[in-house]
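Heads up, the next two complexes both have chain A, just with different partners, chain B and then chain C.
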Partner chain A sequence: MVYTLLSIAAFVSVFPFLWLIVGATNISSDILSGKTTPGHALFDNIVKLTQQVDLVQLFYNSTKIAVISTILTLIVASLAGYGFEIFKSKFSERVFAGLLAMLSVPFAALMIPLFVTMAQLHLINTHTAVILPTVASIFVIFYFRQASKSFPMELRDAARVDGLREWQIFLFVYMPVMRSTYAAATIITFMASWNNYLWPLIVLQTNEMKTITLAVASLLSAYVPDYGVVMVATTLATLPTLLIFFILQRQFVQGLLGSLK
Partner chain B sequence: MAQSSGKTTLTGWLFTGPALMLLTFFMVYPILSSLWMSLQVGKGMNFSFGGFANMWRLTQDAVFQKALLNTLTLLVVQVPIMIALAMLLAVALNDPSLKGRALFRTAIFLPCVTSLVAYSVLFKSMFAYDGVVNRFLEALHILDQPIPWLSDTFWAKVLIILAITWRWTGYNMIFFLAALQNIEPSIYEAARIDGIPRWAQFQKITLPALIPVVLFTTVTSTIGTLQLFDEVNNITLGGPANATMTLSLYIYQLSFKFMPSFGYAATVSYVIVVLVMILSFFQFVAARDRRRP
Partner chain C sequence: MTGLKLSNVRKTYGVLEVIKDVSLEVKPKEFVVFVGPSGCGKSTLLRMIAGLEKITAGDLEIGGKRMNEVEPSKRGIAMVFQSYALYPHLTVRENMGFALRFAGVPKNEIIKQVDAAAQTLELGALMDRRPGELSGGQRQRVAIGRAIVRKPEVFLFDEPLSNLDAELRVHMRIELARLHKSLAATVIYVTHDQVEAMTLADKIVVMRNGLISQVGSPLDVYDNPDNMFVAGFIGSPKINFIKGVVDGVSKSGLTVVLPGYQDAKVTFATKNSSVPVGDSVTVGLRPQHFNTTGKMKFKLNVELVEHLGGESFVYAGNGSGDLITVATQEGRGLKSGQKFDAHIDPAKALLFDANGQRVR
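Moving on, here comes the complex of A and B:
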């Protein structure tokens, strides 16, 4: 019974991935009529895709945005998480509680003022506009604060006795000790950025600036989408996150669970 | 090390400063600005003060009411199904004698690496009228004729529910699995020796340990569903006949399609804020009640 349940669940979970890969080798009409066997259209689909979009540019944009926003988020959020945990005061605890309250503010409530602000700063259609609002992620700050609780205080005290300054303690003691926390946060942040859709959709307006995720969505929204082409694009867009997942599965799961501790 | 607490506090603020500055600019300010905008009427960048005109408009706006009803319907139907399924799968996977445990776990967890746009592509193509899902159900003789997933108001909602459940069940399952693994195996051992039946073990040992996770996953899923946008924008575009229109999609359409109506869109967005606040309040009460002996 248990095996039947799990097998059905596993099949349902994995089938769309097989569907995606098989779909990339078929023509659009075959995909829409439910063909589940590989076809011969893979090469044609790839050629058509490269005629419609500039793949190199799209991957460059996605990677650039994801890498920069991951690095900035990790720096800003780990500093803050460390600060809130190590230098606790009555007031800082109140500020932190305020941040947690904002964690559940839906993005839809922010996007209009953010868009107006970006327009006033003349940042519409720039990657800066995509990256900036995501850098101070409350979720990642919270994650680093929770993880900082396990940072041994004796290490910090010993470093202080040795005459290290606070920023040196952070840089040379905290960061190396917490590297698995950084690894998990990197994966979560990178994937979130790579897969982000709504905000980039609003601020990026020309094809040269768009990300691969946006390109997939716009291929799909064509009046008559060519599903073979869409499937190739989707496969390419999903490959990086799939690879990260398989290589760093343990850290990925750890990163998710970090928010619950 | 004797250090004046004033200096320590200042150092602390230097660490948290960059984050707080960014959050003030990109979070606190937009929240307040959005509230102010909700009192403005007008198109494009031309605003004038309208007082409660936008709130009045909400009561007259059939699309808004439909979006609100759809969002709440999806929430009430989808979240409990998914949480129950996630819990069930986690309990099944937690059995150490199970063969192929890691393989099952990875497979069920896999959907959550896909972007919301990518899985929208998959669902839109699999659920086409002559598509693979209808073919499969017909082959199994579950269906006599294909289901019009994308063009029927009822089935389009079902499709969105299936899609979200596919994407997030494995994700939520991981939290349940982590909680299950924190239960000492010796407790079950003792219960078994005392001859306590498995169902009673589940009720008295497993379930209480999972309640915090139920609370956590319910709240995060609820907030997620309230913000539902990517799937409906890519699979159904809110259709047919606004059957899958959600609040977030409506805000987007009001702001960035046709002539933008930022003030009114901000008002709709505050409806989501109020809903989230109400739900957070319930969560707070539930968490407090649990802590009471």
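Moving on, here comes the complex of A and C:
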């Protein structure tokens, strides 16, 4: 019984993905008629896709944005989360509460002021404009603060007795000890950046600046969308996030086994 | 060699005063143990010496130099923590060499010193393991090794054995005593285990509520406690306290009535007879001091007997509620409900005034 339920759940969650891959091998009209068996149009679809968009440029843009954004977010958020947890004071607790309150402000409300700010900084249609607002992610700061609660305080004391300065403690003790946290945060941030749609759509205006996610969406909004091409593009766009996930998942588990035991 | 001096040291957290005016001198090579109940400020005081907590007021001198504002790593101390605090991502070897690495000691020199410490503690086979792959006792040894490598003048230990099982604790205790001899270093050791305190210490510092209650050698603190708190804290099983009232003061001493025991009268020889007639006092009787010949006699009924093999602890009362603990070698035949006479020599008794201060 349990297995039946689990199998259904597994099928339901995997089906769209399978359908995506199968769809990538079919022509548009077959997909629309509900064909669920692999076809022979994969190569055609890829060729058509490369004719419509500059895949290399798109991947380069997306990767550049996601990598830089992830690195910066992790640096800023882990420093902040560690700081909030270790150097507690009444004032810092208030600041933190304020940050949490800001989580409830929807992005739609921030969009216009943010756009105006970027315009004044002459950053419209640059990748900097996409990366900057994501760097101080309140959610990731919160995540690191929660995780820092499990960081043993005596380790910090031991490191101080061993003569490390605060930044050395962060770099040589906190970061390696918390590497599973960093792995999980990398997955979250990378995926969020890779799939980010609304804000890049607003600030990136020329084709050579756009990301793969934007390109896939624009394929869909064509007068008559070629679903075969859309499926190929979507599959390709999904691959890097999957890759990141699988690479880090191993480290994630290793981190759990090797460190805090 | 380095001693250490605390003068009128205080620590406050906001309005909470955790250490209240502590003064203490530790001689070079001395093994000093801080004992006291949970929350009395032992760890806080140790961390102040280590430089991990700011000193609110007063002076700390290590080796004759004022160290209040000096960084932990520059105080010539090393600390072993209760949870060992080994770096989980580093091997034993790296853990032990960590401080030297950041002090800029050349690599081959680090290897030499780490290997020397490893030899002292017989860590040879474990050097390339991570802390997660070690047993509790092994981790403890690595933590001590990490401290030794830094060649400190003063070792600080915060309940280093409390996470070990009983057998290992005894074993490590002996090893620590040996280590102290061979290193000839000053040691300050925090514990709330009085057996550890009694066996390891040259000098015991009994703390209570952020104050030092008494300082002395283990036997001194046991034989001559300054107050009821120390008498009650040191010694196992716990000392018996019996309430009494001063009935007469004479040249030969104080005569005390024990209302709980048929108004028995006992005279305690004392020169200090500042306690007036009518004042209440407390008589302290160590369980080990009872015998079959002493002048002072308690007619009791056995309620419970604990047999430890060599020795038995008899818990006996006279129906008034209070139980007297008697440690005896001849308790094997005793059963609960039996009549039991406990004798003790009045000269062995400790006498405390109404404020718990020692009278005799």
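In the analysis below, the second predicted complex is superposed on the first by the 237 of 261 C-alpha atoms of A that agree within 3 Å, B and C clash if a C-alpha of one lies under 4 Å from a C-alpha of the other, contacts with A are read in each partner's own complex, and residues count from 1 in each chain.
Basically, a contact is a pair of C-beta atoms (placed from the backbone, for glycine too) under 8 Å apart; a residue touches a chain by one contact, two chains touch by 3 or more.
None of these values were measured; they are calculated from a predicted model.
Trainee: Look at A:L164 in the shared chain and tell me whether it touches chain B only, chain C only, both, or neither; answer first, second, both or neither.
Mentor: The answer is second: A:L164 touches chain C but not chain B.
Trainee: Could you tell me if A:V177 is touching chain B, chain C, both of them or neither one (first, second, both, neither)?
Mentor: It touches chain C, and chain B stays clear.
Trainee: Once chain A of both complexes is superposed, is A:N207 in touch with chain B (first), chain C (second), both, or neither?
Mentor: In the superposition, A:N207 contacts neither chain B nor chain C.
Trainee: What's your read, chain B or chain C touching more residues of chain A?
Mentor: Ranking chain B and chain C by residues of chain A touched puts B first.
Trainee: Just to be sure I read the superposition right, which of the two partners does A:T63 touch: chain B = first, chain C = second, or both, or neither?
Mentor: In the superposition, A:T63 touches no partner, neither chain B nor chain C.
Trainee: Contacts for A:Q52 in the overlay, against chain B (first) and chain C (second): which applies, first, second, both or neither?
Mentor: neither
Trainee: Kindly classify A:E154 by the partners it touches after superposition: chain B alone (first), chain C alone (second), both, or neither?
Mentor: A:E154: touches chain C, not chain B.
Trainee: For A:Q146, is the partner it touches chain B (first), chain C (second), both, or none of the two (neither)?
Mentor: Neither chain B nor chain C is touched by A:Q146.
Trainee: Can you give me the overlap between the chain B contact set and the chain C contact set on chain A?
Mentor: 157, 160-161, 260
Trainee: Inside the complex, what are the residues of chain C that reach chain A?
Mentor: Answer in residue numbers: 47, 50-52, 71-74, 77-79, 81-83, 85-89, 98-99, 102-103, 130-132, 146, 150.
Trainee: How about chain B: which of its residues touch chain A in the complex?
Mentor: 1, 5, 8-9, 11-16, 18-20, 22-23, 26-31, 33-34, 37, 45, 88-89, 92-93, 95, 98, 103-104, 106-111, 113-126, 128, 130-136, 166, 169-171, 174-175, 178, 213, 216, 219, 223, 226-227, 229-230, 233-234, 237, 247-248, 251-252, 255-256, 262, 265-266, 269-270, 272-273, 276, 280
Trainee: Quick check on the complex: what are the chain A residues that touch chain C?
Mentor: Of all residues in chain A, those touching chain C are 152, 154-155, 157-164, 168, 173, 176-177, 179, 258-261.
Trainee: Enumerate the contact residues on chain A facing chain B in the complex.
Mentor: Counting only chain A, the residues touching chain B are 2, 5-6, 9-10, 12-14, 16-17, 19-20, 23, 31-36, 75-77, 79-80, 82-84, 86-89, 92, 95, 99, 101-102, 104-117, 132-133, 135-136, 138, 141, 157, 160-161, 166, 170, 191, 194-195, 197-198, 202, 213, 216-217, 220-221, 227, 230-231, 234, 237-238, 241-242, 244-245, 249, 253, 256-257, 260.
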